[in-house]
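First chain written, first letter: the chains are A, B, C, D and E, and each begins at residue 1.
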Amino acid sequence: MTTLLSRPAPVAVAKPDPAPPKRRSRRWIGTLATPVVVFVFSSLLTFGLGALSPSNPAAAVLGETATPADIARMNHEFGLDRPLPVQYVDWLFSALRGDLGRSYFTTIPVADSIFAALPVDLALAGLAILLAVLIGGAAGIGAALRQGGRLDRTVTAVASALGTLPPFVLGIGLIIIFSVLLKALPAGGYVPLENGLGQWLRFAILPALALSLDIAASIARQLRTSLVGQLGENYVTGAVVRGLGTRRVLFGHALRNAIGPALTVLGIGVPMILGGAVVTEKIFNLPGLAQLALQASGQHDVPLIQGTLLVTVTVVLICNTLVNIAVLRLTPQGKR
Amino acid sequence: ACGDGTVAGPGGTAGGTLKWGWSTVTSWDPVTSSAGWDVHLLSLVYAGLTKLDEKGNAVPALATGWKYDAAGTTLTFTLRPGLKFSDGTALDATAVKKSLERGRDFPKSLIAAQLANVKSVTAPDATTVVIGLAQADYQIPNLFAGKTGMIVSPAAFEADATALATKPVGAGPFTLTAYVQNAKATLTRNPDYWDAANIKLGGFEAYPLPEPATVVAALQSGQYDVAQIPGSQVEAAKAAGLPVQVIPSLVVAVLDVNIAKKPFDDPKVTEALRYAVDRAALLKTAQFGHGDVAYQPFPKGYAGYSNSLEGIYQHNPDKAKQLLAQSSYGTSPVEVVITTAKAEGVPEQLQSQLNAAGFKATIEVIPQAQATQLVYVQHSKALFVDQFAGRDSAVQAFQVLFGKEGLMNPGRQTPPELADALAKVSRTPLDDPSYPSVLQAATAVAVKSMPNVFLYSVPRILARRANVSAIPEFTAVQRFEGVTVS
Amino acid sequence: MSTLTAVRLPSARLALSVLAVVTFLAVAGGTVAPHDPLLQDPDLALRGPSLIHPFGTDYLGRDVFSRLLAGTGTTVVAALESVGVGLALGVLPGLASLWLGRTVEWVLLRAVDAVMTLPFIVFAIAVTGILGNGLSQAMVAIGVLFAPLFFRVTRAAGLSLTRAHYVEAAELFGASRWRILRTHVWGKVVPTVAVTAAQATGGALLAVSSLTFLGIGVQPPAPTWGGVLASELGFLSQQPWAPVIPAALIMVAVAALNALADAIRPGGAA
Amino acid sequence: MSTLLAVDGLDVTFDRHRVLADLSLHVQAGEILGIIGETGSGKTTLARAVVGLSPVRAGRITFEGTDLTALRGKARRAWRRAGQVQYVFQDPLRALDPQHTVARIVAEGLVVAGTLDRAAIDARVRAALAQVGLDQSLAARLPGQISGGQRQRVLLARAVALQPRLLLCDEPVSALDASNRNHVLRLLADLRDRSGVTVVVISHDLSSLAGIADRVAVLYGGRLVEQGPIGRVLSEPRHPYTALLTASAPSVRREHPIPARALRPAPDHRPVAAFGPDACSYASRCPFATQACVTAPSTAGSEWSVACHHADAWRSRLAVGAMSTRRTA
Amino acid sequence: MSAVLRVDNLHVSVGGGSGTSSAGAAAAREAVRDVSFTIGRGESVGLVGESGSGKTLTCRAVLGVLPPGVAVTGGGIHLGGGSSGADVELTGLDRRGWDAVRGNRLAAVFQDPASYLNPSLTVGRQLAEQLRLKRRLPRNQTRAAAVELLAAMGLRRATAVYDQYPHELSGGMLQRALIAIAVAGEPELLVADEATTALDAAVQAEVLDLLRQLREERGLALLLVSHDLAVVAEVCDRVAVFYAGEIVEQGPTADVIANPRHPYTEALLRVASLGDWRRRDLEVIPGRPPEPGAMPVGCRFAARCAHATDTCATPVALSTVDDRQVRCHRAATLELVGA
């Protein structure tokens, strides 16, 4: 209504407003509400996985001295004797309050373990995303501008090759090159950000690189494709004919519209980065979430597995929502 | 990145921080810790009444000395005066009493079985602790040198026992200041430690066992100062100019055999298994030759090591075949499932060796955590590829391996002659001149009568950076007295 | 570009020949191997390439060449298994989301979003951690995670078609929904799905090797490409060149799949 | 002549946006009816409503007594298979399956109908291609391999193959150059002449439309503003919008009875009243609008009808100066 | 009259290798051959011809935005000097040189206006950008100037239009907005390639009026392209008739229409909009023009020409009589009918 009122009232609108205010706000609501629904779906999946587990945690924990009475007591202590829906709701609401239960084996609160490990992943993923965007963006733009040229062919070839490389090979390759041969960077380990950016970077750069190259390759390819597509669009010709200059045409116009698919790739890349972290963390000996998951998995530590999954999923959801908001802000339908 | 900050505390000088790539703990509470490895890290923050010297003999620690009565059922420890826990509370006889009693009585205690023989603990005065035993047992000072005897601050466990899992309070050489589960433990020197004068390190950082493929690079780049490396990396470490120490340890590779399950319910099959195994070949693959072929649970040089057992089950596939032919299975291949947590390496090789000796072996992989459940609790596996980490006390080791309730005795049967031999060991004071021969006799009985197949000893191979002084070679718990980082 | 003309591209032909060899090995693998892939000889462990052992021997003295040949089957089957699961769980719901009304569409979309938030390897680890360690469990988990990919691709391909005027035209002729699906939709969805399947197979190969590297899903001594690679990595200091061979094998197979996907991609192989 | 298609009181609404309002239009059997109007005035929507592709909110569409708006499901499919009414889409490239050959595309309707065998269908396809002047050699080509004019003809052939009674052509010539445009329009005239098909053509090109059509209907803002015999409507338009259209049509001869400028609202034009949704659809842009135009005008006349409150008066209000202003050459 | 644009013997070739068709892609084909025309200050020149006759390629060559694989292979394009700048030879200009010329001295509008604007930026922003860049207006003045310019293009509610996105405007409004952007830098020449073809008659007339008005008020020279002779007749002083990549006739519009000298011009006149509403048989030009690469040696129109004789198979040059140019062997003898 507001847009209609702001115009001289009597003038009939020849074309319908393609995105009336209602629909626009609905799009925003969708962008913000969907993650909540998805979170519930994901939490169900996560919880269901635990519920499916055939191993009895109590028996596993109690080990050699287990008696049926002990097991029953332990089950009660873990709340495993209640109906599944009750367990789920309780688990979810506790989780929302930051309580993810206690590890079956160490009785350490799962949340403590996770939140000790999470900063590592977040810092690393952040750096990896930054690297992916910088490397992938530069390569993609370069390739698109020199379409068919040597740079384009190189970028395409390198990007394809990176996509065919098992991630751990990449990690070990980086270690061999930068640590063993060049002796420039540590082969593994981690120093938290609090110890200073420089220190942190020395340890984080190789794993972040290992994590990001794959995504960088996808971003480069995607950006190249969509940018080539955009550069072929009439409006680019229009901007060129207006004499706007190459840089302006590229950064002010074409890139703006080409970036959407690349952002989507990035959105998909976040779970890949967090997922890929398992291998990377193992190789570089990083105290991250994925190591925790691997450990927990080896022990069938259901609360810890569920906790790591849920937290990872939440991080992914937040990242995806941010990407969606970015996409929404870049497209005209979402503005105003 | 080392040498950051030198701390000079009372009772001695202190150097840099040592970064140790080895393992982390399942829990920082010795009472609920569930892995044998934990003892190494726990001994950094906890101290016991006794400790083991490099040969495995109990020597004074928190206690300056101890005395058995004539019957061997009452043991009196004398504590050092003025001891303190890291939380500042006093470590006196009452604290020791409470700590030991918790180990015995706490419902979730995993060391209760070891303390079952402890009838009473009394504290007549601040520096005297009297242990009353149900039966004579001269192994207690050794037992108390390990996880079982670690003294935990009563103030801490009375306030919040579960918090101990991440926030230990003991009186060890170091204090835990930061901990990320499965990732990193940061410790600083404890100036109040009774033996602080010998602790030259200002701090300690413990990391999980590194990847074999990158461990040497990690040492070179300074990620670790010391790391445990697999045998395969020894040459690489040496080539990289890193000093390597191969420290004999109590750890021994072993096959847990369940004689209650097919095919090992037939003694001939069990016997055949002993000859079917080519220990030397396994040692070569698993350790690149570092360590020794083993036929018994103790390493050479240990009091219980019996010379008579050397080479007793030499690899002899033909003999194994013969024995199988004599068994109830006749000449058809005997099917056997090798259960393991990680199939690569020894189990694969074992499979091939058994198949060459008339078995038909398949491999089954179960997660490490389930192994406890399936092998030790449910006894549902016939053959499990295992490692025995050794125990501070020889009798304790026997109990775990061969006792009726022993973890690694899935068949749950102990021949009477072995029980007798063991009882005799317990009754023999450690300083008795006959002790070694009594112990060795028991070893011989056990190896001949029990189905466990010992394979090879697993030394602790440590590679370190040149700026770290040599690591003292303790067989049982690794200690760091005198180690310096420059 | 039709699938047939795509095959005339040199890259596609090369890719197809590589895949033909891989397929042959997957079927015949063990029988063409010069040695028993399980035969151990610890005295010959970790030897370099020779006439008898062209790719050298592994830590148990087994012939690496034979192990790689024999491992093709397991590896390929595992990858195909996960892609099959992904196809089954992705394509039909993808089409259903277009035809079965808004509620079904909404629920399916949210479910797919949810699955998409799960990080690949972590999820596979969790599944094996909870359901037990086996190649099938792991690959089913990977397959579940592939499902959204197929769902989206199918849906995207189908979505433009529901708005295509030629589909409307067919409706105007009184064509049934099934007929439209068959004549107008299928032909456009299948190539897209095929492209995705080819790429996903490559992705699955990488996932298998990552999982085996982490010790998940393999059952030694049975050889797999990823398993051979992972174990060679443990002896990097003895044989720095050794991991290159299985890694190259994986790379070539994945690259062939990607090249094939590019070639048959609707809209040309630019 | 009898009424073949009757559209009565048609209302089409997309997302609360009323695209067609109370529209009534009758098509006589055997005639060629042209539909003109500005972009977005609802021409396509009207044609699609007839074949059941627009969401009809109110009104009736009857074809020889069959109420098409009432058809659903099986009945509608059966009716469609009979092929009596054919709609020729606006954009030929989007309306042709890129993977099907010309022959297959043209045959599709016949195959779906299922009444003919393979040979008979082939014969019909050949005949249809010949009818629209396409070489038989094109039958094996894909839509991407033929020119724009040829695509337009394939679209026509597909409709013609079903031997429809009514052909609805949506801007069949907008994308074509003048020669091709005339070619296709002539084809439609031929079809009507030879097979008696009734044709509705939507077009922007008044001049060539006038060459073939019998009647014309003018749409503005979702309403029918004028309809009648094309020659008379275009030469003496009674609705100001029709007049504007004819005056705007480019011509090689530069003569217009009324210059377009006189019929356009002045740049500083302010509507005399607030025209709501129920007003005359043209009122807000009409230089002749008055307070009377706040209500929709009724349609007067049968053979030649016009919806304007000032149908007879607006000419007299043309500014005298505007009349004499001729463009400088 | 000083020339704003002079095109001399322009040749444009297509298919220089970028794989448009698989066979014979290597051989470049001439799509525009020997095209020359001049546009004076404030003059408007129309290019007409059937689809594919090379009009667009000629325009794009002038603007320096030929598609990939298409290139100028001969001749020159000369931007005349005068008040606003030096003489420039456009062929072989470097990127910087083009940026200085485009938007400042020559500008363009095209057929599908919506696609020539960035869909994700408001119309106003794109116009403001142009004003800032090409007229060096300070940031705080651009909005007012832009709104004023939009209003000058006959857009009602110019302030509202400023803040709208391209997809929110109708085709006619968009074309006006594009013209506003094009003239923002006060160029001397505007190239309008089929700028009104997709619009309905009423809107087309309005836009043509606008172009006429710009010409009169600002002295803007126009190069107008259409396949409809009627559209050109409405606006242009002179017309060049294209056929198969060549100019076949050129001269003052009124003359050419009244008195065509080339049979193709006559044919175009017969199919053009007449501006009367009689019922009649619609005329067509039979046959199809030859494709680039398969051009006949002689007169390219001969195959479709009713007047063709044997001589038409020999090459024919452009002959100039007064201010008319004709490319026909029989131009002198034929009696052709005008409109």
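FYI, a contact is a pair of C-beta atoms (placed from the backbone, for glycine too) under 8 Å apart; a residue touches a chain by one contact, two chains touch by 3 or more.
All values derive from a computational prediction rather than experimental measurement.
Separation of chain A from chain C in touch steps, taking the shortest path, is 1. Taking the mean Cα position of each chain as its centre, B sits at the greatest distance from chain D. Put simply, the chain closest to the centre of the protein, by Cα centroids, is A. Across C-D and A-B, the chain pair carrying more C-beta contacts is A-B. Chain A and chain E have centres, each the mean of its CA atoms, that are 51 Å apart.
Centroid to centroid, with C-alpha atoms defining each point, chain B and chain C lie 45 Å apart. Per-chain Cα centroids separate chain B from chain E by 91 Å. Within chain B, contacts with two or more other chains are made by residues 213, 367.
Contact of a single residue of chain D with at least two other chains is seen at positions 38, 40.
Annotation for chain A: residues touching 2 or more other chains are 11, 14-15, 172, 176, 282, 297-301. Residues 212-213, 216, 230, 232-233, 235-236, 239, 281, 284-285, 342-345, 347-349, 351-352, 363, 365-367 of chain B are the ones touching chain C in the complex. Note for the complex: chain E touches chain D at residues 50-51, 154, 156, 170-172, 198-206, 208-209, 212, 227-231, 233-234, 254, 257, 267-269, 271-285, 339. Residues 1, 21, 26-27, 32, 34, 110, 112-113, 162, 165-166, 179-184, 207-208, 210-211, 213-214, 217-218, 220-224, 367-370, 372-373, 376-377, 405, 407 of chain B are the ones touching chain A in the complex.
Contact residues of chain D toward chain E in the complex are 36-40, 148-149, 174, 176-183, 185-186, 189, 204-208, 210-212, 230-231, 234-235, 241, 244-256, 260-261, 264, 267, 269, 327, 329. Taken in their complex, chain A has these residues touching chain E: 6-8, 11, 14-15, 17-18, 233-235, 237-246, 248, 252-253, 256-257, 330-332, 335.
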